[in-house]
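Following this line, the structures themselves.
Each of the two complexes below includes subunit A, the first together with subunit B, the second together with subunit C.
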Partner chain A sequence: MTSLVLRRIGYTVFFAVILAFFAIPMLWLASAPFDSKPGLGLRWPDWTFGNVTATLEHPYALTSLVNSLLLCGLAMIVTTVLAACAAYALSRVRIPGRDVLLYLLLLLSSVVTGTAAMVPIFVMMYQLGLINSQYGTALVIAGGMLPAAIFILKDFVDAVPRSYEESARVFGASPGQILLHVVLPIARPGIATIVVWSFVQAWGNFLLPFLLLRDINSQPAAVLMRTLYDEGGSANLTVIPVFSLLYSIPVVVLYLFVSKRYGFRFHGGIKS
Partner chain B sequence: MPATDSAGLGRGRALAFVAPALVLIGIFLVFPALWSIYIGLTDYTLTGPSSVNPRIVGADNITGALSDPLFGNSLWLTLLFVFGSALIGQNILGFTLAWMLRGARRWLRRLVEGLVLLAWILPSTVVAYLWVAVLDRDGGTLNALLNTPGTAWLVQYPMISLIVFNLWRGTAFSMLLYSSALDVVPPSQLETARMVGAGRFSTLKDVVFPHIRGHVLTNTLLITLWTANDFTPFLLTAGGPDHRSETLPVFIYQQALGSGALGYASAISFLLLLVNLVIALVYLRLLRRRG
Partner chain C sequence: MARIKIDQLSTVYPNGVRAVDSLDLEIADGEFFALLGPSGCGKTTLLRTIAGLEQASGGSVSIGDKDVTSFEPGRRNVAMVFQDYALFPHMTVSENIAYPLKVRRQPKTRQREVAERTAGSLSLGGLLERRPGQLSGGQQQRVALARAVAIDADVLLLDEPLSNLDARLRLEARTFLKRLQKDIGITTVFVTHDQAEALALADRIAVMEAGRIRQLGSPRDVFRRPSDTFVANFIGSTPMNLLDGTIENGSLSVAGATLPSPVDLPDDTKVTVGIRPEYLSLEPAGQGITGTVSTIENLGVSSLVTLECPDGSLLGLTVREQHEPAIGSTVTAVPEQGRLLLYGKEDGTVLR
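And then the complex of A and B:
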């Protein structure tokens, strides 16, 4: 009997500690943005919306969020379109050397990380005069995401039955029509996953924009966030909490959307 | 799965479909990886005469690294970081959470999983700042909770802080992987273990572990690779104070852009690439054997 009680207590304590450990750092994100005197510590806020106004008036806050949208939107579109085409062809057509290619892609997706390749990528973009180019940076980010994106999408396409395409073909549809009207609608969950996944990856990416976009006018939110707190100073404490919240919301919303709509699909090895 | 060209694409068009992706991957992943070998053999710098006319110095960068105490230091710190936060920390906490949550009430399970996942998906600059705030010397929540005013955690205990931070940040992956792995363990075997009165430890060791051995290896390899390449420590401590938390990624950055020693930094990046390659090869081999 006592051992059962002890077990019950142990169980409760375990989860209490876990909840505290994971929740405490995040609670600040809920309280500080709306506190009239935000500090670094956690406290019940003295409610105000003044910080929001101050953040919106900050010279770079909104610009950086727009930059993030542009950078991630572009990287997402490039990744999704190129990965979808490649995944479809690799799933359906036996191109010579396909298996080797797939193996190399899988290898590349985990070996060449942003950290391991930062020096050559920086040197390359520097010599090409593409430092501070948002388009260039978006392409670098897309290039890094492509191998994993191709793999996730190929899994989806492999699972799509060929009979739809075959019957469309029997009725005389051209390959283009089949792709647009048959394959694309069926592969939509896969494409939606890649859209969200690539956007979220690019949105959180700090290292590449930090390396390649040195001008504050072209920097995305990830980099401005760092600039704001690296400089320190009390003035920024009105801006940082609201700004972190604004910057975090899209990621959370997109994850909720995907997990609600398609269930939380577990793709081993693709976050980072 | 046999590839049958069901849409009638044809090889030529199929190649045209794959080519753009391969070009981008070639330019931004394959080329930089190979080029890092070449840059690593030179004395290329960001500024000064070597920035215009870099000389080939051969293996000087590598031999220089071997006698550079800062490199040794960062190698050691990276090992500590990977070992403490991933191999031990995330692995054990992730498994414990997955195990404990199986029988938990629905609301508790959702709450814990939600919080752990949130820590994983929030952008790295935001979570880094959340921890800078929690650990702050003057106004930080941790000092208020522990009643240890004036403790500057990131200055006095930088590595421990980073390890705890990464445990918080990355446990979600292990938790998710182990909870899907635990679904594979047949409930009847657990029931039998209980009936014969097996202790919790021997149940885990003799009943659960044989079923999830492959998952443990997969998980360990992946989190090792990610943690070794994680740049987030830069956002918390930037390697300081006095190089005491300078893990390999931060070291590479500081050498390349802090000191401008691009050749030297590139040689070290190449070493990191090699380590990644070895881990990834082992991982793929495992996947293949299981598939």
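And then the complex of A and C:
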């Protein structure tokens, strides 16, 4: 009896510690932005909106968030559109060595846009005159995400029965119409996954925009975060908490929107 | 509405399989035509080549007066129902039926109107806003049919349209399908491996094997007079008796009995004797095959009686209920006049 009680107490304490480990940073993110003297510790805030005002008045904070939205939105759109087309083609057209090609792309993608290839990418972008270009940076980020996106989406497209497309073809639908009317709607949970995944990947990407966007006016939030210091060289705790909060909102909103509107779920009625 | 003319058509798959082998066929305007055969005989490939989903390797397909061999499926003005119905799960019944019109960029109001009218005529009226997943198998099949007839196609192609339904529903759907085809009068080609379905539905049947047509004719012809032993074996719900026989002194010696030969053949010719169980009857007297009753299988209104003949061969015949002989008794089975068929021992084709 006592051992049972002790065990339950043990479990509860164990899980409470783990929970606290994840919850405390969240609570800090919720309280520190509104504390008059925000620190790195967690405490009941001395309520104020001063930090918010200070952040909004910061010369680069809002611009960087807008930059982030632009950069990541663009990278997401490029990734999703190209991955959908490529996944459809790779799923339906028989080419020799297709699977090897896919695995190689997947394997190399982490190298190609990873740290190892930074110098050649920088040189290439420099010669193309795309340094400080958000479009160029978005393309590089999208290029890095494409192989994985194609790989994931191809599985979803593979699951669409052939007879659906053939049926549409007999009724005279063009390949574009088949993709838009039949394949994409059925592969929608996959598309939703890619939309959120690619946006979040791009949102958190520090290295690429840090190297390719040298002008502080075009830098995204993930890069700007590192410049938020005061004159003394210590972290600017007036701006950082509010900025972190603002920084985390778009990802959560996107997830909730996509989940509600498009759903990470399958339609009923597909018999295998 | 149009006829279909197939001329020397071959379809060869990339792996070298000749699924359709220089095949000639003409299907009349408004005809209900069945392609029948065991799986792998090329019947579905032939249908898909007519639809344009498979590329012909040689020969031509004409619909009406147009040679459509090189046409994309969408330009052939054919409608097709797939075995799994291929209803789009994300569209409602109404959107599914109107899909061919959507592809043709018809206005929304017209799409809706056609969907309502077609659904009404196929008794799907109350289901327009449902999704295919919420329908029963029979309803799904009717939606697929509705989508196919919503456009005025020249030709309707059906790939095993009834095989996904359970047995009782299949009979209902069969009657429905036949009535629908007669009402619309559209040239219809359907593929099936079920001989009963082909016999019941079609105006004409082509029995296929290995990419070629073995026999082409009305259900009655194909049932009564199979042109070779392959067709004889395939058609009929109870298998045809195929026994070894020899011509002796101008008459036929089979299973220990002597019968008048239906065909004049030289003596000592080896033949295969074909006779349907339905065309044999038990008579107290008459020229027939005598044997001992070994098993009796109940088929409902009739029973299938198997006789063991003196030479060891087995002979099946059907008798009306309550006329079954006792097991172990010796009886004589007399073939109906003109129903005995002789097939060549070598090539298995019918001898006239």
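Rule of thumb we're sticking to: the second predicted complex is superposed on the first by the 235 of 272 C-alpha atoms of A that agree within 3 Å, B and C clash if a C-alpha of one lies under 4 Å from a C-alpha of the other, contacts with A are read in each partner's own complex, and residues count from 1 in each chain.
In this text, a contact is a pair of C-beta atoms (placed from the backbone, for glycine too) under 8 Å apart; a residue touches a chain by one contact, two chains touch by 3 or more.
Just so we're clear, the structure is a prediction, and the values are computed from it rather than from any experiment.
*Asks:* Hey, is it subunit B or subunit C that touches more of subunit A?
*Replies:* Greater contact footprint in residues on subunit A: B.
*Asks:* Check whether A:L180 is in contact with subunit B, with subunit C, with both or with neither, and answer first, second, both or neither.
*Replies:* In the superposition, A:L180 touches no partner, neither subunit B nor subunit C.
*Asks:* Taking the superposition on A as described, I'd like to know which of subunit B and subunit C A:E166 touches: first, second, both or neither.
*Replies:* Both subunit B and subunit C are touched by A:E166.
*Asks:* By the touch definition at the top of the document, which applies to A:L6: first (subunit B), second (subunit C), both, or neither?
*Replies:* A:L6 sits against neither subunit B nor subunit C.
*Asks:* I'd like to know which partner A:F14 touches here: subunit B for first, subunit C for second, both or neither.
*Replies:* The first partner, subunit B, only.
*Asks:* State whether A:W203 touches subunit B only (first), subunit C only (second), both chains, or neither.
*Replies:* A:W203 contacts subunit B only, not subunit C.
*Asks:* In the superposed arrangement, does A:Y247 touch subunit B (first), subunit C (second), both or neither?
*Replies:* The first partner, subunit B, only.
*Asks:* Would you please give the residues of subunit A that touch subunit B in one complex and also touch subunit C in the other complex?
*Replies:* In subunit A, positions 166, 168-169, 182, 268-269, 271 sit in both the subunit B and subunit C interfaces.
*Asks:* Which residues of subunit A touch subunit B once you look at their complex with the stated criterion?
*Replies:* 11, 14-15, 18-19, 21-26, 28-29, 39-42, 78, 82-83, 85-86, 88-95, 98, 101, 103, 105-108, 110-124, 139-140, 142-144, 146-147, 150, 158, 162, 165-166, 168-169, 175, 178-179, 182-183, 200, 203-204, 206-207, 211, 221-223, 225-226, 229, 240, 244, 247-248, 251-252, 255, 266, 268-269, 271-272
*Asks:* What residues of subunit C sit close enough to touch subunit A in their complex?
*Replies:* For subunit C paired with subunit A, touching residues are 51-53, 72-75, 78-80, 82-84, 86-90, 99-100, 102-104, 131-134, 151.
*Asks:* Okay, in this complex, where on subunit B does subunit A touch?
*Replies:* So the residues of subunit B in touch with subunit A come to 1, 3-11, 13-15, 17-18, 20-22, 24-25, 27-33, 35-36, 39, 44, 97, 100, 104, 108, 111-112, 115-134, 136, 138-141, 144-145, 168, 173, 176-177, 180, 218, 222, 225-226, 229-231, 235, 249, 252-253, 256-257, 262, 265-266, 269, 272-273, 276-277, 279-281, 283-284.
*Asks:* In the complex of these two chains, what residues of subunit A are touching subunit C?
*Replies:* 161, 163-164, 166-174, 177, 181-182, 185-186, 188, 267-271
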